[in-house]
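You will see two complexes here that share chain A, one where it goes with chain B and one where it goes with chain C.
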Partner chain A sequence: MSHSDIYTQIDRCAYTNRFAKTSPTTKIFFALSALIISVSSTSLIAPIIIFASTTLLLLYFARVRVRLYLFLLAYPTFMVTLSCLFIALFFGTGQPIAEIALPWFNWTIFRSGVAMSIATFFRVEGAVSCLFFLVLTTSVTDLFITLRRAHVPKVLVEMSLLIYRYIFVLLEVTGKMNTAQKLRLGHSGVMRRIRSLGLLAGNLFIRTLEQGERTFTAMNARGYDGEIRVLEDMPPSSKTALAGIAVFDAALVVAVLFTMNIGVV
Partner chain B sequence: MLFKLENLSHRYSDGTLALDNVNLDFAKGERIALLGTNGSGKTTLLNHLNGILQPTSGRILFEDQPLKYDAKSLLNLRKRVGFIFQDPNDQLFAPTVEQDVAFGPLNLGQPADQAKKAVEEALKVVGMAEYAEKPPHFLSYGQKKRVALAGVLAMQPEVIVMDEPTSNLDPRGTSDILHLLLHLNKEFGLTLLLATHDVDMVPLFANKLCILNKGKLVTTGSPVELFSNTNLIREVNLRSPRITHLFEVLKKENNLSVNPQLPLTISEARKEILRLLYLENPFENY
Partner chain C sequence: MHIMEGFLPSPWWEIWFAITIPIVAYGIYRLTKITKSHPEAKPLLALMGAFIFVLSALKLPSVTGSCSHPTGAGLAAVVVGPGITSVLSLIVLVFQALLLAHGGLTTLGANTFSMGIVGPFAAYAIWIAAKKARLPTSVGVFLAATLGDLLTYVTTSAQLAVAFPSNGGIMGSFLNFGGIFAVTQIPLAIGEGILAVILFDFLAKYKGKLLDSLKVIKLPTVGATGRQEEGQ
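So, the complex of A and B:
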């Protein structure tokens, strides 16, 4: 999977998964509430349950491709592993679990540091899985409509709408220009590659200006008057689903409160 | 007259005279093709018809009223004169097909349910109904072109102006668009005006042909009339349809007694061949 490919795949997945037609409000409610619980949980139980349930929902119920999900998950997992390793080795106070005498200082690894590192790892993984749940099941179109309904300023919503659409157009243009450069040996050698990249970026900038101009003209030709009106056709949120999520969240909060004082390690 | 261009000239800000004193008019229900090489002024002319460009001199009458360029008049004009751009990516800006097609009707102030109906109908006409909820970047070029057409149809215009509607389309796509346009003209009496350099397509589509060269309107007439004037066609760096060229050669090189009004399409050519065969041997049954 190449990088530009991954954007298209996420986008396609958001439109074609089995939750594509469920109310975006419900999905946003689920993802955001679980995310907040996950990052604010002091014990491991809530993040682990959240990670497991979002993964189950995504892979089994929404039928998101396992490969795509794992591929996406790999990046943050790699990053968070590094950070947590750092936390475990250098953070914490109190009871030490290991002491290594180095020639210039005594390096101590603390129990609380390791505990913090493990907790952070699971909190982040839980939160990340919530975000992927939202990204992989909810199309950008639905998000825009929801934002609009939530009274986010129109300018912001309209700008993001246009940006979203033209990302794909410009991605295609970039791909073509890149290939054209490669075919004329613009990528042989580091210096030439840097020069080619500069040319590409400069050219792309001009292309975006032109594209903007043409799109504006085309919008005018269909009676654009400064406001983009859209059909707000959205599946209504099911009360049962919302209640289910609320119960799930409440159970998680209770679990967090009960396990608050149980140490991680 | 539906549209009347009087001494229309347009000079771009860089000094290029793109249109030079063009006089042209066309009536309701006509199918007009503007034919010319790249840079002959076709697109510039089209851009004047729904007020994207304003003439630098001369004027344009729409139903005998000169065009006005204030916001309200432009909205009224654009409601009646739809414009389809050459590159559908310029036109499709919304995140889904349905929302893009709804853009025009909603701008006309239609309530949501009415707009939705207009969208459904327009998508049905162009055969894209099942793609309503897809984002444009999932579609092929030909499909995007049809959605762009639907976006204009949904506004229920009386005139549709198109810049190279068949460019970059495969043979099937070209033929589909062509049939669709002819259908719209026949069923709904839409006036169609297109710019093209696809000479083989022109006789299948147009009942009126305008030839532009270097910003000047060289001549107007029926396709049969103009394509029979082979010298003129060459002078403006165009060519006749392939099939017409074949008959021209047969006439010149093989002294075949071809009708001076050369056939432009396959069906006309077929008739002509049968006629010639019949002259050769009237007893054979063709």
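So, the complex of A and C:
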């Protein structure tokens, strides 16, 4: 799986997983509430429980492909590990736990820095799993229709839906132009690559404008009056599911409050 | 550089949302006004957003994890004005989180501030200043893209520094993050600058055609005769 077709992979998964027909409101409520609890939590317990439960829901119940999930997790995990090592080694104040006298400076590792880095690691993993839950189970269209119902400004939702559509159109065009450049040795050497990228971007920009013109004509021909209407065929949210999520959230908040004063290190 | 999901602890992600929302709200206000008076602008602006996304998905060579978001957003800022660009950037960042797992929802406020507000506003201001100073177009474009890019990373470093203090206080921590970013970002910013110059050069050749297709939004960028108008 290359990085370039990850969009299509995620998008396809959002339409084909077993939660695809569940009410988007329920899924959004679960993902966002867990996300906020995970990020606001001062102890490690909430992010760990959240990570475990979203992973279980995704892999076992929604039947998301394990490979796709692991592929998605790999990048943030790699980045957060690097960042957290950096924080642990160079950040923090107060009580030192190790002092290393190097020839040019005294390197001190602080207890608070290590604590901060461990907390950050688990917070990110918990939050990222919530984001993946939302992304892998809910299609973008469902998401934005739900946002429109939640009275997010109309123009913002319409813009997003149009942008979503055009991302895939432009990606296809870009892929073709990129292949053409590669075939003609346009990527041999750094300077040539930058030049090729510049030409590609320029061409893409002009294509973009032309497409904009054509789309407007097409929309006009179909009776466009300044508003874009989408069929809202949404399954209703189940009260039991919502109540279950609320209980889960409440339990997490209680767990966070009880473990708040337990130090990380 | 996107700050990843969950990386900023409370209260910092909330604070960046609070700072970003009024500016984006102004952008939404302008967007509503323009699409009301010029319905034909709507698909065009949406395509600008998709253009920013696609450009950011194309990697510049040699630096891993790099992202041409600043160039796309800078160009959009010059063409449609920085206010609307902040809204487009916000939407693009949502899609980068949803379709690429790049960045995140809680860090959306902070990322929009650095990449959708500081970068484009700086690029726009530098572009205008360079025009006033009668610098050659290519110099102005290079400065706008490069400095806009660097300012984005300075902002990101500052956002991380206030959230993660070190022994040397916020300043020490800012230098820590900035130092790490500088290694990768200074060559990248210069690459972005060159990219932008080539892009604008190319667009200048097609200026007549462009102005024809841009009935709503004037492209003030290319050549000395281009007019300066923010959005419209």
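Assume the second predicted complex is superposed on the first by the 265 of 265 C-alpha atoms of A that agree within 3 Å, B and C clash if a C-alpha of one lies under 4 Å from a C-alpha of the other, contacts with A are read in each partner's own complex, and residues count from 1 in each chain.
The rule is short, and it goes like this: contacts are C-beta pairs under 8 Å (C-beta built on N, C-alpha and C of every residue); 3 or more make two chains touch, one makes a residue touch a chain.
Computed from a predicted structure; not experimentally measured.
Undergrad: Of the partners chain B and chain C, which touch A:Q211 in the superposed model: first, second, both, neither?
TA: Both partners, chain B and chain C.
Undergrad: Quick check for you: in the superposed arrangement, does A:R12 touch first (chain B), second (chain C), both or neither?
TA: It touches chain B, and chain C stays clear.
Undergrad: Which partner does A:G92 reach: the first (chain B), the second (chain C), both, or neither?
TA: In the superposition, A:G92 contacts chain C only.
Undergrad: Of chain B and chain C, which one contacts the greater number of residues in chain A?
TA: C
Undergrad: Does the superposition put A:I100 against chain B (first), chain C (second), both, or neither?
TA: neither
Undergrad: Check whether A:L183 is in contact with chain B, with chain C, with both or with neither, and answer first, second, both or neither.
TA: Neither chain B nor chain C is touched by A:L183.
Undergrad: Mind working out whether A:A221 is in touch with chain B, chain C, both or neither, as first, second, both or neither?
TA: A:A221 sits against chain B, while chain C stays out of touch.
Undergrad: Touching A:L162, do we find chain B (first), chain C (second), both, or neither?
TA: Both partners, chain B and chain C.
Undergrad: Where does A:V140 make contact in the superposed view: on chain B (first), on chain C (second), on both, or on neither?
TA: Both: A:V140 reaches chain B and chain C.
Undergrad: Once the structures are superposed on A, label A:Y75 by its partner contacts, choosing first (chain B), second (chain C), both or neither.
TA: second
Undergrad: Taking the two structures together, which residues of chain A meet both chain B and chain C?
TA: 11, 140, 162, 164-166, 169, 211, 215, 219, 224-225, 228
Undergrad: Mind pulling up the chain A residues that touch chain B in the complex?
TA: Residues in contact with chain B: 8, 11-12, 15, 139-141, 144, 161-162, 164-166, 168-169, 172, 211, 214-215, 217-225, 228-233.
Undergrad: Where on chain A is chain C touching in the complex?
TA: That would be residues 4, 6-7, 10-11, 32, 35-36, 38-40, 72, 75-76, 79-80, 83, 86-87, 90-93, 108, 110, 113, 116, 119-120, 123-128, 131-132, 134-135, 140, 143, 153, 155-156, 158-160, 162-167, 169-171, 174, 178, 187, 190, 193-195, 197-206, 208-213, 215-216, 219, 224-226, 228 of chain A.
Undergrad: Name, in rising order, each residue of chain C that touches chain A in their complex.
TA: 4-10, 13, 28, 31-32, 35-36, 39-40, 42-51, 53-55, 57-58, 60-62, 68, 71-72, 75, 87-88, 91-92, 94-95, 97-101, 104-106, 164-167, 173, 176, 180, 191, 194-199, 201-203, 206, 209-210, 213-214
Undergrad: Give the list of chain B residues in touch with chain A in this complex.
TA: It comes out as residues 50, 52, 71, 74-75, 78-79, 82-83, 85, 87, 89-96, 98-99, 102-104, 106-108, 112, 115-116, 119, 133-138, 151-152, 155.
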